[in-house]
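Per-chain residue numbering starts at 1, and chain names A, B, C and D are given in the order in which the chains are listed.
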Amino acid sequence: MNPVNYLYLSALLFTIGGVGVLIRRNAIVVFMCVELMLNACNLAFVTFSRMHGNLDGQIFAFFTMMVAAAEVVIGLAIIVSVFRARRSASVDDASLLKL
Amino acid sequence: MENLIGLLVLVPLLGAAVLLCGGRRLDRIGPWLGTLLAAASFVIGVVLFAGLLGRSADDRTLRVTVFQWVPVGGFRADIGFQLDQLSMTFVLLITGVGSLIHLYSIGYMAHDARPRRFFGYLNLFLAAMLLLVTANNYLLLYAGWEGVGLASYLLIGFWQHKPSAATAAKKAFLVNRVGDMGLSIAIMLLFTTFGTFAFQPVLAGADRTGEGRLTAIALLLLLAACGKSAQVPLQSWLGDAMEGPTPVSALIHAATMVTAGVYLITRSGPLFEGAPDAQLAVVTVGAVTLLFGAIVGCAKDDIKKALAGSTMSQIGYMVLAAGLGPIGYVFGIMHLVTHGFFKAGLFLGAGSVMHGMNDEVDMRRYGGLRKYMPVTFITFGLGYLAIIGFPGLSGFFSKDKIIEAAFAKGGTEGWILGGAALLGAAITAYYMTRVMLLTFFGEERWRKPPSPQEPSAEPAAHTGELPHPHESPKVMTIPMVVLALGSVLAGGLFSVNDAFVKWLEPVTGHSEGHSPVSAAAVTGATLAVLVLGVALAWAQYGRAPVPVVPPRGSVLTRLARRDLGQDDFNHVVLVRGGGQLTRGLVEIDHKLVDGLVHGTAVSVGGLSGLLRRLQNGYARSYAVSMFGGAAVLIAATLLMRAV
Amino acid sequence: MSFPLLTATAAIPAVGAVATAAMPAARRSAAKWLALAFALATLGLAAAQLVRFDPGSGRAFQLTESHAWIADFGVRYQLGVDGIAVALIGLTAVLVPFVILAGWHDADVLEGAEPNRRWRPTQGFFALILLVEAMVVMAFEATDVFLFYLFFEAMLVPMYFLIGGFGDRAGQRPEQEAADRRSHAAVKFLLYNLAGGLIMLAAVIGLYAVTAGQLGHGTFSLTEIVQARAAGRLQLATTTERALFLGFFFAFAVKAPLWPLHTWLPGAMGESTAPVAVLITAVVDKVGTFAMLRFCLQLFPAASKWATPVIVVLALVSILYGALLAVAQRDIKRLIAYASISHFGFIILGVFAMTTQGQSGATLYMVNHGISTAALMLIAGFLISRRGSRLIADYGGVQKVAPVLAGTFLVAGLATLSLPGLAPFVSEFLVLVGTFSRYPVAGGIATLGIVLAALYVLVLYQRTMTGPLKEPVRAMPDLRVRELAVVAPLIALLLFLGVYPKPLTRIVNPAVEHTMSQVSRTDPRPDVPLTDAEVAK
Amino acid sequence: MSSAATVHSLWMTAADAPKRIPAPHIEYGQLSPVLIVLGAAVLGILVDAFLPRRLRHPAQLMVALVGLAAAFAAVVALAAGGYATDKAHPAAMGAVAVDGPALFLQGTVLLVALVAAFTFGERRLDPAAHGRPVDSFAAQPAAVPGGEAERAAVKAGWTTTEVFPLMLFAVAGMLVFPAANDLLTLFVALEVFSLPLYVLCALARRQRLLSQEAAVKYFLLGAFASAILLFGIALLYGYAGTVTYSGIADVVNGTVRTVDPVLAQTMGNDALLLIGGAMVLMGLLFKVGAVPFHMWTPDVYQGAPTPVTGFMAAATKVAAFGALLRLLYVVLPGMRWDWRPVMWGVAIVTMLFGAVVAVTQTDVKRLLAYSSVAHAGFILTGVVATRPEGISSVMFYLAAYSFVTLGAFAVVTLVRDAGGEATQLSKWAGLGRRSPLVAAVFAVFLLAFAGIPLTSGFAGKFAVFKAAAQGGAVPLVIVGVVSSAIAAFFYIRVIVLMFFNAPEEGGPSVAVPSLLTSTAIGVGVVVTVVLGVAPQYFLNLAGQAGVFVR
């Protein structure tokens, strides 16, 4: 199979993730969408790595996972504390800061 | 000797400085100090005169440059003086009459709260006027020119607490400023034409200059002269200027300052001679004004305003003469000097009458005063005879010559000008006789109580008491007597052996005109119209009783009372129109100029308020913005490559 | 190395500002005396400049100092004065002591105000005045465009605080409303000038880009640029030169101020105290017209010539417009402000007439206008402080109770309307002659200004000083000794320079001739020159 | 089938690799600033773990200050050792550049962090605790705002001393960010400094809801941005087959030595390069707060604890612009003609938008946030100059700007009422009368923001505009000048408010700070004035440091 197809998939996933960030209200889901985008990136890295025949992309993918994991730690902590304070995980509820 | 010229100016200037800055300490001796300094400058003038007489007729010009005033590039204005016969004549007139009027003022202003300041202003006037006539260049002349304007302003408005006085003073200054504008542009034009504005080189270079340029310069100078000498169309201030104390009217607004225009034209003779069109304008202005002033003089009931109209008219004669060129200069100046005597005398007489009449100025409230003020009556009468041109008195000699010269202009112009001058003489006789009759003859109308509905120009004057007419003190009558003597004798003395003509000729040049009418015929006609005018006035005011409240009068009378509509015109066009203009500009400044900037600020603020709403607090909309931004960024990058 | 006189002249007031500001809150009167002492010391240094300046030396800039400063920007600390600068520094140094003296009580802590150890308005007021002086002097001395720009802009800040922070005392309006109007005026002042300055900044940067591109190193040195242009090493494309010129001119025209950029001035002068208003119009604004003469003309001669017709028209509009608006004003200070706009029109007209008379006249005008307006404004300030109102209609008949005040006010007013014998006449006439010899129509129209000047001055005088005595004015005291000490020297100066302006023309003329040669223009020749015989006579 | 063979051989090659890969060569000395900071951060965590509560604060502060100072000393030593100029080279196997810009920006970040640490450590301002000194950070961040646990924590006088290690981690990321010489390092550094900042934002003692909201927004948007950045990196990698800057640059310039068929194929595909480049740019522009990626700034600046805001506003900008410069000047110079017009547009929009929107702000911190947006625009004009002067002017501007920002936010912490910091602008009315000194200092900062001469703001603005003009971007300069004029308006408005308006009854008072905040503000003022009056030394420094190594 032509590896380029993986790239298309990756782009698709990335777009789905992006649109998810834009339209979903629940902070957790939004965050998951971001993770989806990161994973789309990973797919692209791996694909390109395969195409170019070097390892850089794959290594990059590992780093991405690690970063994503760190992000989850931080992100969930923040989201949870907000949830506890507001009893709501909707990103739209957190709109005191504006104008 | 030359250095004395500077001293001539400096002495009264010093007086002004001392009197104005000296403070209350000088209140007592101020008037005497001022008079003394005026007299001192007269003495200096006489010494200089003697010195000039000691020289040959061609060598009677003294020149001295004190220091460079404004040297910038090719522009060089000096503080420098030039004393020739023309200037000398003026110097003697100014200091002579000036000293007399100082003396008179000691009496006249005795009861004023601040005579010191009054004398300071008078001295300032003398200094400025002397500067005007002795300057050796136009710029310095201009300095004197404005200086006398200032002095005039200060003195007209001397009783500042009266709004009418303050307004009149302001008006005088402003109208003069219009004329001054003409003078300053003329100086600029002289500078661009000749690269200098000193009298000597300018006048010498006039004959090499194109007529168009000379016409422009001359017309501008005429504008200046009109302002200072109260000639049509800038005459309106003179009547109001009578708000000032009467000595001021006598000195500044009759004898000296107002004649500065004549001096300017005469001084600039060569410039005018090269510009016939300008000369035509000058004689036209002169002829119109002499009639205008005379007509106005007929209608005024205020003695000073009647005399002011007369002054205007007489200066009209002088301007007419000056516009005629070399055939008229000498006579213009001669009339100027004789007028200086008799008109100053008349004003002092009027002042004396007012002094004895509780400052009443309405002639209709005088009458029969000859019994109470004999000296005033006699001196005033002599002045009266002089001005109407009674044979043998000074006015007769000078005015007659001008009428003659007007006819000598030749052609239709000559007839028109001569006719106008003759007509003027008739009217002069009429209104002066009217003044004389109303004041000194007839029933004693001042005994009638003032009627309440009378519109009084001067509410302060009416104290409710009837006046007790009395003769003025010596200090006032002596100057009047001296001036009356001058009025009687000056013309004759000047005409003996053509002395005055010979004296001035080296400066102004002189040529005999070829009159289409013989001199004798002119004299005859003059005398005839004189009799006519006197008779008319006698018929109207001598025989019939004079009503205290002025009758409505004819259209012409009413118009003349209102200065022939000039003030109405000024009011509508300048005051009201100007007011609307400035108010409109304020609006424009506020709404348009400022509004434009303000509008920019407001629209930035509005834009800010709109853009601010983008920041709606929803993280998802921020993400949209980022996502969109990224899309635009990508699209733009791709587009750049595509282009 | 000789004593850095120019630096010292600017540094002394700056040091004074710091010292004054550092005075403890309680030592108010000591702070005043200290400020006055520093102002007088500055005057001494300015006088030393006048003495050491040699107009006959033929060098354009004298007493020069030059040190490396910001090499990356091509900026040098480069000072030098020509006659014009010396005259204006002299003006500044003369006026500031009077400004301080006149404002002696303007920043006193109000009676009954809560004692506050930290709030030291008095110290601040005088320190700011000295700071302005330092910056203005620096701007006059700088021969490096950047250095000039720096102080040109920086002086806005102390000026801003002076305008916004200190108003007339005993106003009848509510205190807060007055403060609002004041701060509005201050903001307007700052924004206008800042906008002008920022546009100039763009031009300054452009100038750097051009010099860096052509000379290999960016430079702001006026002398270096002028020399390079003369030698042909630096050539500006026509459009570039015009754009740069406009950038510079815009800033100066705001500062000067030229119609239609003038609307900040009436507010700023009206709302601030009289001494501050003097500082604005007599000192700070002069930097604008000075800079036109020094920078616009010398850096961009061709563009200056190109723009002249428009600028002349704008200047004429300023003259007439300012005067007409002055006539319509009901507020004494705003009237004087509009009169100043009219006068600045004359100055700009003189600068761009490009004749020696015009430019010398413009320079003298700057000095004389400074003195005469200072006198007029300060006396007006004394008047206002007595009655607590700026409205003309609130006065009447003052001359009866305060003759000295009225008399000096009249003299200052007469100076404003350019009466011969007083200093402004000389300069105004020179400007008019200079303009007329190049642009007769413009010169003629400008002359209308002298009629209008008479109108607004006399109307002001008539309404305030003459007429029946108004009741609230009845108890008005005449000038006090301190006030007389402010007014008398200024009037004496007006008289002296009116009769004998040569000390000024002597130093100004060579500088003007230098400028004229930079612009490569000569005076028009007279149409009918004198013959040799006449010259000989 | 051939592709399977390739894959096979790839795996084989990879399998063989360990034998042939040399041990990576790490220049520890040259990386010492980063290492020191990281070490200090770890030490900080240990301190928090083992020291008793009352000792933690001073100990943390000391560790942070010493660590930062030592790191700064290391930077200075490196610069003195010539690593900024002739010895500049890519270190750590090409992952991190040690060159002028890197050292200059690292030094700046460290100094900024040092000063910021002072404000972090301030414990005298907030009087809320029961007799115990507290700082600006939440007593117990995990507790529900207003809940029982929080009240107990407040009563116990707890403070979040973890902020120091968090800050040190962030600083470490910021040190690497502008020095990153490949996209991987770039990405990791980005996350290393972003994640602690997210947490720091959530730690405000007062108005915790706002603080948390700010953190959520910052986090979500930040994660979103880094995802986009990452995808861009993927595309660039796909285009060039490498993630090192120099490698990509070679490919972009067409100077790559060996072109295998795949590379030839992707090299021809400019869409990869352009889209990838744009996405990476977007990620960096997000961090610098350029329009339209700026929208987090006002909210986060307002919600975050003010010391954090100050630190973030100053240091993030330095680091992000450093990375942006390196990316544009090292990686993408070959496609200058593509990105320059785009960056022009971004710069113009950013300057104008920031200035215009700031005009109607009513909160000091939001005002400063929008002002930082406008300033990002000004700095971008220097970035697009594409000349050496561009680099040095941007670096100078960053140094100047960051201290002004720090100082300004430090002043904001002083103005307080019962609810903590009084950031409502209306409450600042008449401040000049209550405490002239504080108001005057703030005015100095505002004037520097406005670019009034004799302040560092002017020198910086002049430098970038000059570079832009020399680079031919005259329209940018003009727009910059116009937006400066607009911007001046709102700075002036604050000054008016402070000095010319009467103080309100019951308005905020100015707390007297300890030496810490005083020092921070003092340093801000001194730097502002020194860089304004005598900027030459620093310009020289930036000029000498203005060459990127490849």
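Note that a contact is a pair of C-beta atoms (placed from the backbone, for glycine too) under 8 Å apart; a residue touches a chain by one contact, two chains touch by 3 or more.
For clarity, every value in this text was computed on a predicted model and none was experimentally measured.
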item	value
Any chain that touches subunit D and subunit C	B
Lowest number of touching-chain links that must be crossed from subunit A to subunit C	2
Pair of chains joined by more contacts [C-beta pairs], A-B or A-D	A-D
Centre-of-Cα separation between subunit D and subunit A, whole angstrom	24
Distance from subunit B to subunit A - Cα centre to Cα centre, in angstrom	96
Centroid spacing, where centroids are CA-atom means, of subunit B and subunit C in whole angstrom	37
Where subunit B and subunit D are represented by their mean Cα positions, the distance between them in whole Å	80
Numbers and ranges of subunit C residues touching at least 2 other chains	191
Set of subunit A residues in contact with two or more other chains	18, 21, 30, 91, 94-99
Per-residue overlap in subunit B, given as positions that touch at least 2 other chains	601, 612, 615, 617, 619, 623
Chain pairs that touch, as defined at the top of this document	A-B, A-D, B-C, B-D, C-D
Interface residues, subunit D side, partner subunit A - complex	3, 6-7, 10, 14, 141-142, 144-145, 183-184, 187-188, 191, 195, 198-199, 202, 208-210, 212-217, 219-220, 223-224, 227-228, 230-231, 233-235, 237-238, 241-243, 260, 262-263, 266, 298-299, 302-303, 366
Contact set on subunit C toward subunit D in their complex	68-73, 116, 118-120, 124, 149-154, 156-157, 160-161, 164-165, 175-176, 179-180, 182-183, 186-187, 190-191, 194-195, 198-199, 201-202, 205-206, 208-209, 212-213, 218
Residue numbers on subunit B that touch subunit A, as the complex places them	612-613, 615-620, 623-624, 627
Residues on subunit C engaged by subunit B in the complex (per definition of touch)	191-192, 259-260, 262-263, 321, 324-325, 327-328, 355-357, 360-361, 397, 399-400, 407, 414, 419-421, 425-426, 429-430, 432-433, 436-437, 440, 443-444, 447-448, 450-451, 454-455, 458-459, 462, 465-469, 499-502, 505, 509, 512-513, 523-531, 534-535, 537
In the complex with subunit C, residue positions of subunit D that touch it	392, 433-437, 447, 450-454, 458-459, 461-463, 465-466, 469-470, 474, 477-478, 480-482, 484-485, 488-489, 492-493, 495-496, 499-502, 534-536, 539-540, 543
